[in-house]
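Going in written order, the chains are labelled A, B, C, D, E, F, G, H, I and J, and every chain counts its residues from 1.
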Amino acid sequence: MEFLVRFETDLPDSLSSAEKAELKSAERSRAAELREAGILKRLWRVPGRRAVVGLWEASDATALHEALSSLPQFPWMDVDVEPLAVHPQER
Amino acid sequence: MEFLVRFETDLPDSLSSAEKAELKSAERSRAAELREAGILKRLWRVPGRRAVVGLWEASDATALHEALSSLPQFPWMDVDVEPLAVHPQER
Amino acid sequence: MEFLVRFETDLPDSLSSAEKAELKSAERSRAAELREAGILKRLWRVPGRRAVVGLWEASDATALHEALSSLPQFPWMDVDVEPLAVHPQER
Amino acid sequence: MEFLVRFETDLPDSLSSAEKAELKSAERSRAAELREAGILKRLWRVPGRRAVVGLWEASDATALHEALSSLPQFPWMDVDVEPLAVHPQER
Amino acid sequence: MEFLVRFETDLPDSLSSAEKAELKSAERSRAAELREAGILKRLWRVPGRRAVVGLWEASDATALHEALSSLPQFPWMDVDVEPLAVHPQER
Amino acid sequence: MEFLVRFETDLPDSLSSAEKAELKSAERSRAAELREAGILKRLWRVPGRRAVVGLWEASDATALHEALSSLPQFPWMDVDVEPLAVHPQER
Amino acid sequence: MEFLVRFETDLPDSLSSAEKAELKSAERSRAAELREAGILKRLWRVPGRRAVVGLWEASDATALHEALSSLPQFPWMDVDVEPLAVHPQER
Amino acid sequence: MEFLVRFETDLPDSLSSAEKAELKSAERSRAAELREAGILKRLWRVPGRRAVVGLWEASDATALHEALSSLPQFPWMDVDVEPLAVHPQER
Amino acid sequence: MEFLVRFETDLPDSLSSAEKAELKSAERSRAAELREAGILKRLWRVPGRRAVVGLWEASDATALHEALSSLPQFPWMDVDVEPLAVHPQER
Amino acid sequence: MEFLVRFETDLPDSLSSAEKAELKSAERSRAAELREAGILKRLWRVPGRRAVVGLWEASDATALHEALSSLPQFPWMDVDVEPLAVHPQER
């Protein structure tokens, strides 16, 4: 099933620039893996914010949580998940 | 997967007492069928309100929507759905 | 550009069943036209509600408003529009 | 009576990794005791968040507070308690 | 256990003045019974509003719901219930 | 007149355990004095939170503020005050 | 003591123009009486709205409620009351 | 001074189509007058809604209220006014 | 024109007691000057909070901002400004 | 298309006065460039706050995000973007 997932990432100032760069690079790599696995389907940037809206697909909320918590920046992400049902016009 | 579903029902005054009684009876029958099918697992009353909190199980949000919209009072229900993931301590 | 559009439709009781059916049919036809024009790209049902989330594409907010207000049920729709920017990972 | 309890835990960065691990282990042990005592009945993970929803049973709000505040991570938990009444269909 | 209960009553215009007067009189009588039974312990008026705050005592949320829903004006009351625990200084 | 006062106390981590214990002890002493003076009439614990709801009596909001700000933990209290009027049924 | 009182009046369409005019005239007369009695001290219009902010003085919340509910339009007013304490700089 | 004014108009179903058309025409005429007078400076449509955002200039909030309440649809407008100060970069 | 201004001041712990005392003294001096200039007309304490409500008069929002930002504690004040129009009964 | 952009800037205390002054100067320079490019069209100060409201023009949300994130203070800005459609009266 699909989920609309919104999150905003706030890396703390206690991380050095190098640590932040490493985290961002690891984040991109893991996101790419999740795209290849068909779990992460689309990402949009919320204009003006360090926030993204994404379309995710997972068998259930437990699998979705595993995917989200596998992201290296997860400890600093504020995440909101909305379940989506198929619309009759899409069948 | 499980969902926490909260809804409050507000039957309009344009319905007669007989129509309301019939709707409530049909609601109970359909709810009993959903319990037998393992879709509706628990219901609680929110004290002081015409609202209920329920624990539902469905394969995905589409199946949940079909179950909810099969309730005779659905046109007058204000529904809020929250997806639930399995907690590690429950495994 | 893309927009995330959320709306909930509340047809008034003053409309007859025939009028409501006619409106819903006209709505589906107009939505199909907007899909063919590439303006309406995806629709999801919010489980438990008479609400939808949709992904729309239009040259700007003015063109989006024209598309939305061309829907026959527009007078009874409560609409919320969120602008989306391209995410760097999507380029 | 039953309560729906929602909480999110935010351990401060001032705690070392060892202290956090010890707290989490102690938390699991105390939760297991509360389950055996029939006070903690179910736990769900809110997908994407360090938050849980739980079904608790206690004789009253005072006993529930004692159970919740006996959790080792209680000083860092943001807790919301909702009282639940028995639904007529459950009798 | 004690509960803090807040409600606002909004009798519809479709009721005649006589019906409203009768309802208010029946409400006072039932409230007096609940006071004598020790369930309704205190009532305050929210200044400027048709709203009250009350201190209620009941064995649990189910008994509280039965008391509240026995009030003749219950169908037109918007009720919010907050559970209260004993404060250590009160023991 | 009576006031419903809700507050939550958040002592900062910069205070030592000894300072916190001393503050809590001083808080209890001052609260006891306010009870004897008839200003603090009842206190309840909000279950699951470091928050209390209290019933206070003071000649006006100025006298109430003086009582509240005389509490040793006042600098770390987030306070919300609601004025209460006498309910006709209480006269 | 002083109170900051905010209210918005919404006369129903079921009242005729004559009834509305009569109510508004009676409202002005009663407000003038409350000004002379020193209870209503200042009124401001919220720009763009049928809402007012007012400064009132009454011995307590009960006396304030009696003054507010003596206004002829009270049944159709949505009122919010905020208690005010004397500021040290005003002494 | 300038004000950012947001309003949404909701003409009631009790008005006939002819009455609504007349109101809309009168609204446009009065708006044109306010533009010529330099009071109404810009208007934008909120996409998807019967709402507008406008930039207005008036000597103070009283003059602004007079301009807004001179609009024929004012009785059915829900208006929110935000005062604007000159930004240093605009001087 | 008049404005209703609400602010809450939160001096950081990084300031020493001496710095705080100096700031508070400077704040009182500047407030006295603004009173003499007829800009600050009334101040009230919000009971239980480090917050004040004030009635201010300035030619426009720009002049009001200059007055507010001239207060020594301005960098630590969270300010909310509401424009007020003259009420017909005050003319 | 035009956007209404609201942001509030909160430079952290960890920056020195010199760093803050440099940032503010760089901010003004970049804002001037965006004005010359026709992207930033108007700015207003929200009275009493370190917040601004601005009217921006960009081809889409992606271009707007690039402009906003090119501001030197962007890492410390909390930004809210609202898309604007052309109002029929402006055509």
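Methods note: a contact is a pair of C-beta atoms (placed from the backbone, for glycine too) under 8 Å apart; a residue touches a chain by one contact, two chains touch by 3 or more.
Note that the coordinates shown come from a computational prediction; the quantities given were computed from them, not determined experimentally.
A.B. asks: Identify the chains adjacent to both chain B and chain J in the sense defined at the top.
C.D. replies: Touches both chain B and chain J: A, C.
A.B. asks: Both chain B and chain E are touched by which chains?
C.D. replies: Touching chain B as well as chain E, we find D.
A.B. asks: Pick out the pair in B-E, E-F or F-G whose interface repeats that of A-C, meaning over half of the contact pairs match by residue number.
C.D. replies: More than half of the contact pairs of A-C reappear in E-F.
A.B. asks: Could you grab the centroid distance between chain A and chain G? Build each centroid from C-alpha atoms only and quote it in angstrom.
C.D. replies: Computed value for the inter-centroid distance: 51 Å.
A.B. asks: What whole-number Å value describes the gap between the mean CA coordinates of chain E and chain H?
C.D. replies: Chain E and chain H have C-alpha centres separated by 43 Å.
A.B. asks: Using mean CA coordinates as chain centres, what's the chain G-chain J distance in Å?
C.D. replies: Whole-Å distance between the two chain centres: 41.
A.B. asks: Hey, what residues on chain D touch two or more of the other chains?
C.D. replies: Only 3, 45-47, 61-62, 64-65, 81, 83-86 qualify.
A.B. asks: Draw the chains as points, connect those that touch, then say whether the picture is a line, ring, star, complete or other.
C.D. replies: Topology of the interface graph: other, matching no listed pattern.
A.B. asks: Let me know each pair of chains that touch one another.
C.D. replies: Applying the touch criterion to every chain pair yields A-B, A-C, A-D, A-J, B-C, B-D, B-E, C-H, C-J, D-E, D-F, E-F, E-G, F-G, F-I, G-H, G-I, H-I, H-J, I-J.
A.B. asks: Flag every residue of chain F that touches chain E in the complex, lowest number first.
C.D. replies: 2, 4, 28, 31-32, 42-47, 52-53, 82-90
A.B. asks: Can you check the complex and tell me which residues of chain C touch chain J?
C.D. replies: The touching residues are 1, 3, 60-62, 64-65, 81, 83-86.
A.B. asks: Applying the document's contact rule, which stretches of chain D touch chain F when the two form their complex?
C.D. replies: 3, 5, 7, 12, 14, 61-62, 64-65, 68-69, 77, 79-81
A.B. asks: Can you tell me which positions in chain C touch chain B when the two form their complex?
C.D. replies: Those residues of chain C that touch chain B are 13, 45-49.
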